[in-house]
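In what follows, chain A forms one complex with chain B and a second complex with chain C.
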Partner chain A sequence: MTDYLIKNGFVFDPVQGINGDKVDVAIKDGKIVDAGDVTNPTVIDATGMTVMAAGVDIHAHVAGPKVNMGRNFRPEDKLFNCTAGSGIKRMEGGFSVPTVLRTAYLYARMGFGFSMEAAMPPLYARHTHEEIRDTPIIDQGALPVFGNNWFVLEYLKEDEIENTAAYIAWLLNQTKGFGIKCVNPGGTESWGWGLNCEKVDDVVPYFDVTPRQIVSGLIKANEYLGLPHCTHIHGNSLGEPGNYGITLDTLKIAEGIKPQNDFGREVVLHNTHLQFHCYGGESYASKSFESKSKEVVNYINSVDNISYDLGVVTLDETTTMTADGPFEHHLSHMNNLKWANTDVELETGSGIVPFIYNPKTFIAGAQWAIGLECGLFIKDPMRAYVTTDAPNAGPLCRYPRVYKWLMSAKARDDVLDNTLKYGDRIRERCYIGELDREISLYELAMMTRAGPAKTLGLSHMFGSLKPGLEGDVAVYPYNPETDTDDPEKIEYAFGNAAYLIKGGKLIVKEGEIVDMGNKRTFWVNAKVNENPMVERDIAEKFRRYYTVTQNNYTVKGPHFVPNPYVIEVDSTK
Partner chain B sequence: MVKIVTDVVCPFCGTLCDDLEVALSDDGKEILEVYNACAIGATKFLHSQASDRITRPRKKQEDGSWKEVTYDEAADYTAKMLVDAKKPLMYGWSSTSCSAQGVGAEIGEEVGACMDNTATVCHGSTLIAVQDVGVPSATLGEIANRADRVVFWGCNPAHAHPRHMSRYSIFPRGFFTGKGSKSRKMFVVDPRNTDTAKMADVHLQLEQGHDYELLSAVRVAIRGEKLPDFVAGIPKEQIYEVADSLKSGRFSVIFFGMGVTHSLGKNHNIDMAIMVTRDLNDYTKAAIVPMRGHYNVTGSGQVWGWQFGFPFCLDLTRGFARYNPGDSSSNDLLIRDELDAVFVLGSDPGAHFPVGSVRKIAKLPSVCIDPHITPTSAVSKMHVPVAFVGVEVGGCAYRMDNVPIETKKVVEPPEGMLTDEEFLQLVLTRVRELKGAA
Partner chain C sequence: MAKVILTPTQTPTLFLEAENITPDVLAGKNAAEIAALHGFVGKTTVTLGDYFTVEGAGGQTAADTTVVINGDVSRVKYIGMKMSAGELIVNGNADMYVGGWMTGGKITVNGDIDAFAGLGMTGGELIVNGNAGNYLGAAYRGDWRGMQGGEIRVSGSAGSDVGTFMRGGTIVVGGNIDVHVGTHMEGGTIIVKGDAKTRVGGQMVKGTIYVYGDIDVMMPGFQYRNDVDLEVDGDNGHFALYEGDMGERHSKKKGVVIYGQLYMKY
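This part shows the complex of A and B:
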């Protein structure tokens, strides 16, 4: 394997406290090493460029059944953007829901090395893994959804943490999943009857359990197992005006719970796409709607066991997709566009609706502002991660644009003054007008690689340039000394990495993709004590209520997960 | 000792039953009996054992006779045909595994083919309707556990999907449907008095070709608006009754088939059926599920979806994916004489396409990859028999509700036979060699 030495770049690595210093970064046998440890390396001249560890995406919908439904039912999403293959690249297509190949190339061009597929319906795990397998270059994992799973609902009604944990361990193993995702706890099961759970103490029909019990139980089960990632939560009443109180109720469930794991993770609850959960007011009208991002982020600042990602609205036409079935139904009634829905037996549901975040409307501008506020109010950027909940708030390809807005008050003002129709009204109803903070490159490195890697429990592999970590390095054509005059340079640079080295392989060379890398699928194998009751329950449910047999449920290794990276945890001790 | 293989997945229809048991001979080489399967499924397994099965590729001679060739020769012929063609059609893909479909997609991309699957003469109109208005759906288990109003519109599962009603839709005793068929009301909408219709609580025997009107009338009735005395030959009282019943159910589901997708109105019928479902969701819970035919036609739409973004009617000839049913659909291409080669795998257009299209296939350079002798293999210039997916080789397939299930290998294929994926790999390698040389 070729050794690399990246010389003369401005290096940003918050884990090591390197803030723009000119440090040489060396890679040998696929790992980062001290610069002195390489002999005869291929030298990459990064003079005048920014060097960071490769990006880590904690939450994006890029593979799986609802993503593919988004592709197949929106041919219009591919108008004028399908491109032919060139070099070693295959043909690509799609804007808000790109094909797997475009997803991989996009991530590579943005300097990313790892992406977490944010919601995998367990029954459809094979589909998710087939797409992940066909997405080259980047490492990926997938989070199975648990918040509406009948086993979980039944166990948590009686607060049976050990049984819940045993079931979770079994399911992670069966589906080759990475951790616990919880979407609209109880609400999606209620949606099986066309109902919803709007608050944390609403009761799920028949199962007689509340979202509060589900969230609390999943967090406890997560820490019981000691999984690398914490419980990953999308709470109740996403996108509803006045939902910030429900968000605070959900966050407070984690109060007093301490992380238990061997991976250096310090949080127990990750609230995903916080932007959608920070709304005040009673309707979407500008008279009523207001931002409550400050209230929510202030609470998060006051505790130390919660992280979140932003979910910034990028003011594009996009495709919303979530396991929050009732929400998508609601959304389809707001915009009257096409609506796809799939309820999944015993497990979850999902919905997909195209959506246009129109900058000429008040509400889209307010959502844009709130997403950025979530990133600007944070005190510890190691706990706030940049996402667009791709493609829900905005397409994956817009990450660099979000960086620009976070890093430049000038760029934000430009949107408020020139792009948005109701910029002044948004300044009144949101906090964006009072914020002049500009995220630094050092903070950006926390919010896009070091932080997410830590919360995913992968800081021993990704997110830093410390010797011993994976040889994942991105070099961006951005000079932090001279390029500060124009925010557009930020957007360009972070969307056009000059170099990406992934696992010690040169993937992007002078802006061109030259290698498809050695893609791995990450999953977590959790060992638990034998639990005959849970085993019996599983067998019983498969015999009576599933339409596949238990033996046919298991995702088998070689075909679906040809190149696994298995993280072992053991809670039997 | 007879060996029993359990949890076998049936590679026949979109119901994709996964509870089959297959009895093998002592040496594990021969299938003796198939349990739990319907007559069609069992026959597919047993048919693979036929003693007169073709086991080697064969090339048609000028006098119409067949000459045996090797797989390498067949792959070479196929690759040359595809590379030489300006606009080859690669059709079928519905009776094979997703991995074979994946390799096929790479070949199609290399040679710039038009790629289409059997949806083009089946549920393609459904796919178009979904692109128009979406689709509120559910997995079949969700229906087994919850549905108390079941509509079969223009489909006849008693014959086409024989175990559908017993496994998923009418008879199972699910979690919230403990009384099985007694907890469900069954509606059939069909101009024919089919065996499915005979089982129904309510059979709406509409006038043929008037599905769009009747579906619209159901929407009108759901909203409580006025109807004329008869719509599609059905008295308005009965339409109101059906609409009320669907609204008052806890969970209503509509299954539909060829009777609506390929009768007058086509995708517009499905638009309307989906809108009925969407409207019902304002009153109760409702879902709609297409009765997909081939066991993995759904899978080919999925594979192409994640690779190219479109579920069928792909035109890759310009180097990037285009999708334009009516222009890039197989029959339109054939009838307009736009193609200069035809490659068929995992389908039988010779039996399913209009005879005008089949005549065109017969005149063109053509390859048929199929374990059976079929009308398609009969008109093709090269016939490549391969192992049966789901019997002699495993692989992933997607059920009609898009649930992926991995089919099983039960017995070895006859000695020396390749699987379709292996053969496609040979073709892909040869295509790349030829393209590299060019």
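This part shows the complex of A and C:
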């Protein structure tokens, strides 16, 4: 394997406290090593460029049945938006729901090395893994959804943490999943009765359990198992005016719970796409709607066991897709565009609606502002991660644009003054006007690699340039000394990495993708004590309810996961 | 006004995709440059010169460029796609997507055209002295933004699914029309001077459809309101007004519910 030495770049690595110093970065046998440990390396001259560990995406919808449904029902997303193959690249297409190849190439061009698929319906895990397999270059994992699963609802009604943990361990193994995702806890199942769970103490019909019990139980089961990632939560009443109180109620469930794991993870609850959960007021009208990002982030600042990602609205036409079925139904009645919906038997549901975040409306501008506020109020950037909940708040390709807005008050003012129709009103109803903070490159490295790697329990592999970690390095054509004059340079540089080395392989060379890498699928094998009751329950559910047998459910063999990377945890001790 | 004359020299074995044949692209180019412009046949890239002889040259801008195609181009797609100004005349039949997504200028086809003409167009004129195919002035598959402005005039008959997801502009069909007229229509006007078959205005939310002849089967979601005398496209007539589609959502304006309107001439 070729050794690499990246010389003369401005290096940003918060884990080692390197803040823009000119440090040489060396890679040998696929791992980062001390600069003196490489012999006859290929030298990459990064003079005038920014060097960081490759990016880590904690939350994006880029593979699986709902992404594919989005592709199927939005052919117009690819209209005039395809690029023919060239060199090693094959044809790529799509904007908000890109093909698997465009997803991989986008991540490579943005200097990313790992992405977490944020919601995998267990029944369709096979499909999800087939798409992950077909997405080259980046390493990926997937989070199965648990928040409306019948087993979980039944066990947590009686607060049976051990049984819940045994079931979770079984399901992670069956679906080759990475951790616990919880979407609109109880709400999607309630929708089967035409209801929803709008508050944490609403009761799920028939199951007689509340979102509070589900969230609390999943967190406890997660720590019981000692999984690398914490419980990953999309709370109740997403996108509803006045929902910030429900968000605070959900976050407070984690109060006093300590992380138990061997991976250096310090949080027990990750609140995803916080932007959608920070709304005040009673309606979307500008006289009522207001931002409550400060209140929510201030609470998170006051505790140490919660992280979140932003979910910034990018003011584009996009495709919303979530396991929160009732929310998508509600959305389809707001914009009257097409709607797709699925009930996943015993487990979850899903909905898809195209959506235009129109900068000429007050509400889209306010959502844009709130997403950025979530990134600007944080005291410890190791706990706030940049996402667009791709593609829900904005397409994946917009990450560099979000960096620009976070790093430049001038760029934000430009949007408020020139792009948004109700910029002044948004300054009044949101906090964006009082924020002049500009995220530094050092903080950006925390929010896009070091932080997410830590919360995913992968800080021993990703997120830093410390010797021993994976040889994942991105070099961006951005000079932190001279390129500060124009915020557009930030957006260009972070969308057009000059070099990306992934697992010691040169993937992007002088801005061109030259290698498809050695893609791995990460999953967590959790060992638990034998639990005959859970085993019997599983057999019973397959016999009585599932339309498939267990043989057709399990994700197995090299067809689905040809290149696995298994993380072992053991709770039998 | 500068004129470019394209004369077909051979019929493609497959179909030629020639989105470059617009005044916008040909403006500022001489005959040799125009002949070198690319097109696609299947997966191969060809030049316009492979299929046409080129005479004349483009004007300085699209607005002062006229493009004339003298001959049959019934195996050439995307003629006049996205054109914004100038004039394009086809003396012969043309294939699909004539004037798709056009924003301005004028296209005249002295012959028949196939499906998807004027797809998603927002402005300009598309005149067809012949028959039109299916999906005239409709939306691209999957899209909800059909024809939004401009005018399409067909002297002969038109196929099915005319004006699907139409949001603005006018479509006039001189002859008869096939099934599914103005499906999901949210604005604009469709005038059918001959007969229509079934499913006229299905899931229509807003907009206006006039039918001078008969409708085989009226959609059950339309209700008769009253008779009116109107002048439509220069013709005076006595019309029966129906409103619908009652099965769809309808917005209110000043407390009054806005329906799609379907006028049938007596």
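Note that the second predicted complex is superposed on the first by the 573 of 573 C-alpha atoms of A that agree within 3 Å, B and C clash if a C-alpha of one lies under 4 Å from a C-alpha of the other, contacts with A are read in each partner's own complex, and residues count from 1 in each chain.
To be clear about the criterion, contacts are C-beta pairs under 8 Å (C-beta built on N, C-alpha and C of every residue); 3 or more make two chains touch, one makes a residue touch a chain.
Fair warning: this is a prediction, and the values are worked out from it, not measured in the lab.
Once the two complexes are overlaid on the shared chain, A:Lys519 sits clear of chain B and of chain C alike. When both complexes are overlaid on chain A, the residue A:Lys294 reaches neither chain B nor chain C. By the touch criterion defined above, A:Leu79 reaches chain C but does not reach chain B. Look at A:His127: by the touch rule set out above, it reaches chain B but stays clear of chain C.
In the superposed pair of complexes, A:Asn336 makes contact with chain C only, with no contact to chain B. Touch criterion met: A:Val548 reaches chain B, while chain C stays clear of it. Counting the residues of chain A that each partner touches, chain B and chain C differ, and the larger count belongs to B.
Residues 73-75, 77, 337-338 of chain A are contacted both by chain B in one complex and by chain C in the other. Within the complex formed with chain B, the residues of chain A that make contact are 63, 65, 67-69, 71-75, 77-78, 82-85, 90-94, 97, 99-101, 123-124, 126-127, 130-131, 134, 150, 191-194, 206, 329, 332, 337-346, 352-353, 544-549, 551-552, 556, 559-560. Listing the residues of chain C that touch chain A in their complex gives 140-144, 249. For chain A in complex with chain C, the residues that touch the partner chain are 73-77, 79, 336-338. Those residues of chain B lying in contact with chain A across their complex are 6-7, 9, 18-19, 98-99, 102, 106, 109, 127, 130-142, 144-146, 167-168, 173-176, 250-251, 278, 281, 284-285, 287, 301-303, 305-311, 316, 318-323, 394-396, 398, 401-406.
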